[in-house]
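I'd like to ask you about the structure that follows.
The chains carry the letters A, B, C and D, assigned in the order they are written, with residues numbered from 1 in each.
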């Protein structure tokens, strides 16, 4: 195996092995990173990418192998040493303290603890300069708790830059970003690389990998299964290398739309904290049709999802099911009306981590006579239902008695999918259904949604991934600042045109609108 | 250092570590006895003797365990739903007060009717005492650790007020103490001549009932779901606020039964020092049992046994009685650590 | 004496500040622990241990300030035990806290009885005396209320100021606040969550013990069983009442103490004859709950409070 | 005779004034070889009957203690161990059907009355502060006797009465006393620890109760009403030795004429108390001992005046 660059690497991972009990998460992994280079780390869920990076950063200690930065071997298990050596890491799950300001989060740990002052003045100047330099606009005094996901990510990167990191590790940085935010991130990365910084980039999105990285290292089951330069490969080949088998993306047939199952008529909802509410939203969901909702995160998608899911009620306007206006609106009412709901965050709202698969499978349906009678649970029925879901939706797990937290994200999502679809809902709310999943799981989930549509359900697909919306939707709406665009038919809009709407232009009351 | 879960702990580990914890506790106690001028080698024997060495000792241990089972269950039920009820002490007194109000002649009914009424009335009173904080938590987000804690002090002062006012025994020579219950309101003894009463049996029944509720009913399922992830529960359509209120109802009711059982089974009247901290010890009992209702029975027996045994040892070995609480505290702390280490191993990195 | 007269008298405020002093120490101690993410229910017992340790040191011949240091050290020892069990091992903070209260209390009583087996009247020490700060103590109302207290009271206010300064103006305080909000943020910036939390619990426990020592070395001059009498639990409430901010918590302590002082004085008035004395004793607790309800919407609980942090698990 | 095996069971630590009098008397008897003595302190009332039973099982012959809050249960224990003699502090009377259970109480109202006479004369402001733990008979009757004495000397004297709701919170007792001083009191009735300290700090006077603390507060404590448990204990020991222990009320052994209570020597205040008052006190003391003067026993809760 030859490395492309003859110069001395800035980072060298040598024969890293990490075992968790019986499982070998990293199996003798070696690779080098050179100055000014972006290496993408690819692999299915659970392939061992995060583990490897955690070892490199000192969160975990490897059982075997060494990490060398600029020729120096890092002491294992000491994040401070990695930071001092110039390694910066943007974690898969953000590591920010919500109660502190941006500036405080950035200087945390950079000043000796036993000092009287924080030195905020100089720090603020440095932060401003960095933000300017790298195009990472963010208010240093803002409390992190009030920031959007994209802004938080900028703070994470600024944290690394502030420490003069020479090596930047980004673990799935785009999983929660909009296309625009992702683009801005890539622009920042290019600037950083132009200044000689090296980047390790983890993503499941192959087009991103292709556009940002110079080289790709592919992991499977903890082992390196491929190394390739991006200009010598394509998406298809990478996908195959990851999964070890060929992948075909779903190609939906044209839809045959039916009756309007749900109608929103000039609906408004209250804003909650920093989350935007709906402003005069009118929307029709039709049987046998996938309605795609594109938009930059935080523009009211959450409010719309909560409304349809029964968690909030309109403060103005009407919500109709068929022709009947709903009065008492709650999750129970929504479920009773045959609305199946795939929540945005499978960990936070979709599942209960310590509950078994069985217990999670009936989370919404347990009051039904099938699973309980006059207050008594019928665990036998529940378990056989869980077995059905596991079998029909290909949930890979030891069995229905397994706590769901032991499952990977993809399998967790399949269980939710099964729970939602098994009952044949008339309306399906799919909010970010494939976020963070690997290719295999993505394909599977999307196929199931198409199947539901073909079975006559009205599907609302909310996604920040414009490619996904374009590929699956029969009709598309765009959301911006709580407003909803008109309906666009499949193929009537280019991504660039949609982008204009996403940026908030084109809406009626907008003075810039035509 | 870091903790790593052990997938399948060996039997040696499961039994060995708690044994080590207890051994260390006994060694520490022996050392203390030596410091206080007692015989260190007699300590262990005397504790065992005092806790289970005679029919008398054994029944005293069961007796002491009775209120702890109730308060332990109350805490286990609440904590399971992440309702931090630190106010079992107040609820206990609530049950005791209502037992005295109704059981000193106000309801002149035969035992078969009166006792069930007292049980229900006690549970309702305790439940109401916890409903307040639970309501404040669900409606206004007021931290219930603090409200329930403060209610303990208020309840105690309130009881003191009652005992020096309307509930004061006119024949009590002015001592702040209630009238005695009528015989129909007394729980019969389980064993003639010894203090063990039907309250103990009631506690066992309560433990079994809680176990059934938690594992077999929709309410139990809801309570666990709300406790572990209220967001997911709310999304799934579980009425979170209502479940917390129901949990509070059950928890407060159970704690109140401790008061009922102490008054109706043991003391026959109410004084200000009915409970030497049973409400607080209930928290320890519940956590030691990992919030498992059947485990609560075991851990209550353990806690009671250690205390009764050590207390008796202090007299026999002629060392200050405070050694009993030291021993109990050491046993508890080392025991929770040992139980943790049966399931996790310490790895260095 | 009518309520208004009471409220306008310097002696009333002097009493309030005196009563508040032990609460201030212990509340700051608890606040530091909770800000770092650890609920310390050992407070009640640690105060007992501090009350005894400081007093006993002076009784056996050390000077008063050494006694305070001994109390602080005793508190830190129990803090170390608490921290070891709750931080690296992540054991339930409820159980460990209550266990430590039981342990510290009983160990103190045991030690007292072993050390002084034959006493029938509690021995006394020469306690801290009020020190009138020159000039300041001559101010009307404020002078006798604020500046004629014992040195330990001045120390209590200094500790509150230092706590606020440390939390909001130093890197250490920043790290502590972050540790109580999101430990992984601290870890990712190369700091040790374990170290920070343990340090906070140990130092916080030391302060609690000094609060206890105030009772035996300043408010009074002998050690009694049950002397702390629930003051530790009050401090837990005060931390919440103060929304985890030192300034507000200090105010809360003063308010609570003022009510206590008022209740003592009200018992002497016409009201006192008609209303059971328990009602007066209840007042501070009831008002605390009411205050909590009023400010509940704004309170910001440290997000990682009571959540153990175990490196390497998610 | 062999020393009698005696056990004390107390609900508070032996430092507490009241229990300390029992404890000291027992230790003295043990030192004199009359008895062997062991005790348990700070026993919760819940545990009280169990501790009694444990001692009874272990072969104790005479048990002393206080059963105010556990009357019925303690009597049950006594019934189960007829061979053990129980001498218990109690607000109730003996029960002839329970021949091994005798009662006592601190009837030291005589001495408290005498201290009241002195206080009435020593309080120039005619404003006396009284701080109690709980308003129970043992406290109330002493306060009333004291108040009666003070009123006899100064009919206009006013009293401030407060209960701190705890037996053991000296800082709180001290605060309460301070409040009374601010409210005009110039003499304090020190029912609890902490009160004399307040008086001392403000240079005022205090009257002691149950124990003599003048040595600790030489310029503060004027007089004290002392309780002596020795006569009670000696009577019980004699009865046990003679095999004649029976249900009886030993309360009378706390009366002044039995030597169960006394007025502490005025000591440092010998010259400060007016001579005519000293004479009156002496007269009354003699009358009480002669049985020609009785101090009223009033167990009601006293209130401020």
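Everything that follows uses one rule, which is that contacts are C-beta pairs under 8 Å (C-beta built on N, C-alpha and C of every residue); 3 or more make two chains touch, one makes a residue touch a chain.
Quick caveat, the model's predicted, so the values are computed rather than measured.
Looking at C-D and B-C, the interface holding more C-beta pairs in contact is that of B-C.
If you average the Cα atoms of chain C and of chain D, the two centres end up 35 Å apart.
Remark: chain B and chain C have CA centroids separated by 28 Å (rounded to whole angstrom).
With centres defined as mean CA coordinates, chain D is found 76 Å away from chain A. One simple way to say how far apart two chains are is to compare their mean CA positions; for chain A and chain B this gives 46 Å. Residue positions 109, 278, 281, 311-312 of chain C are each in touch with at least two other chains.
Touching of two or more other chains is recorded for residues 4, 157, 160, 164, 320, 322, 349 of chain B. Looking at chain D, residues 42, 165 sit in touch with two or more other chains. The list of touching chain pairs reads A-B, A-C, B-C, B-D, C-D.
Residue ranges of chain C in contact with chain A, taken from their complex: 169-172, 174-175, 177-178, 181-182, 184-191, 300, 302-303, 311-312, 314. The residues of chain D lying in touch with chain C in their complex are 12-15, 20, 23-24, 42, 160, 162-163, 165-172, 174-176, 178-180, 182-183, 193-194, 197, 211, 213, 216, 303-304.
Interface residues of chain A, counted against chain C in their complex, comprise 54, 59-60, 79-80, 82-84, 89, 91, 93, 95-100, 104-105, 107-118, 159.
Listed in rising order, the residues of chain B touching chain C in the complex are 1-4, 32, 35-36, 84, 136, 140-143, 145-147, 149-154, 157-158, 160-161, 164-165, 280-281, 283-284, 287-288, 320, 322-326, 328-330, 332-333, 336-337, 340, 349.
Across the complex, chain A is touched by residues 4, 7, 216-221, 224-225, 228-229, 231-238, 349 of chain B.
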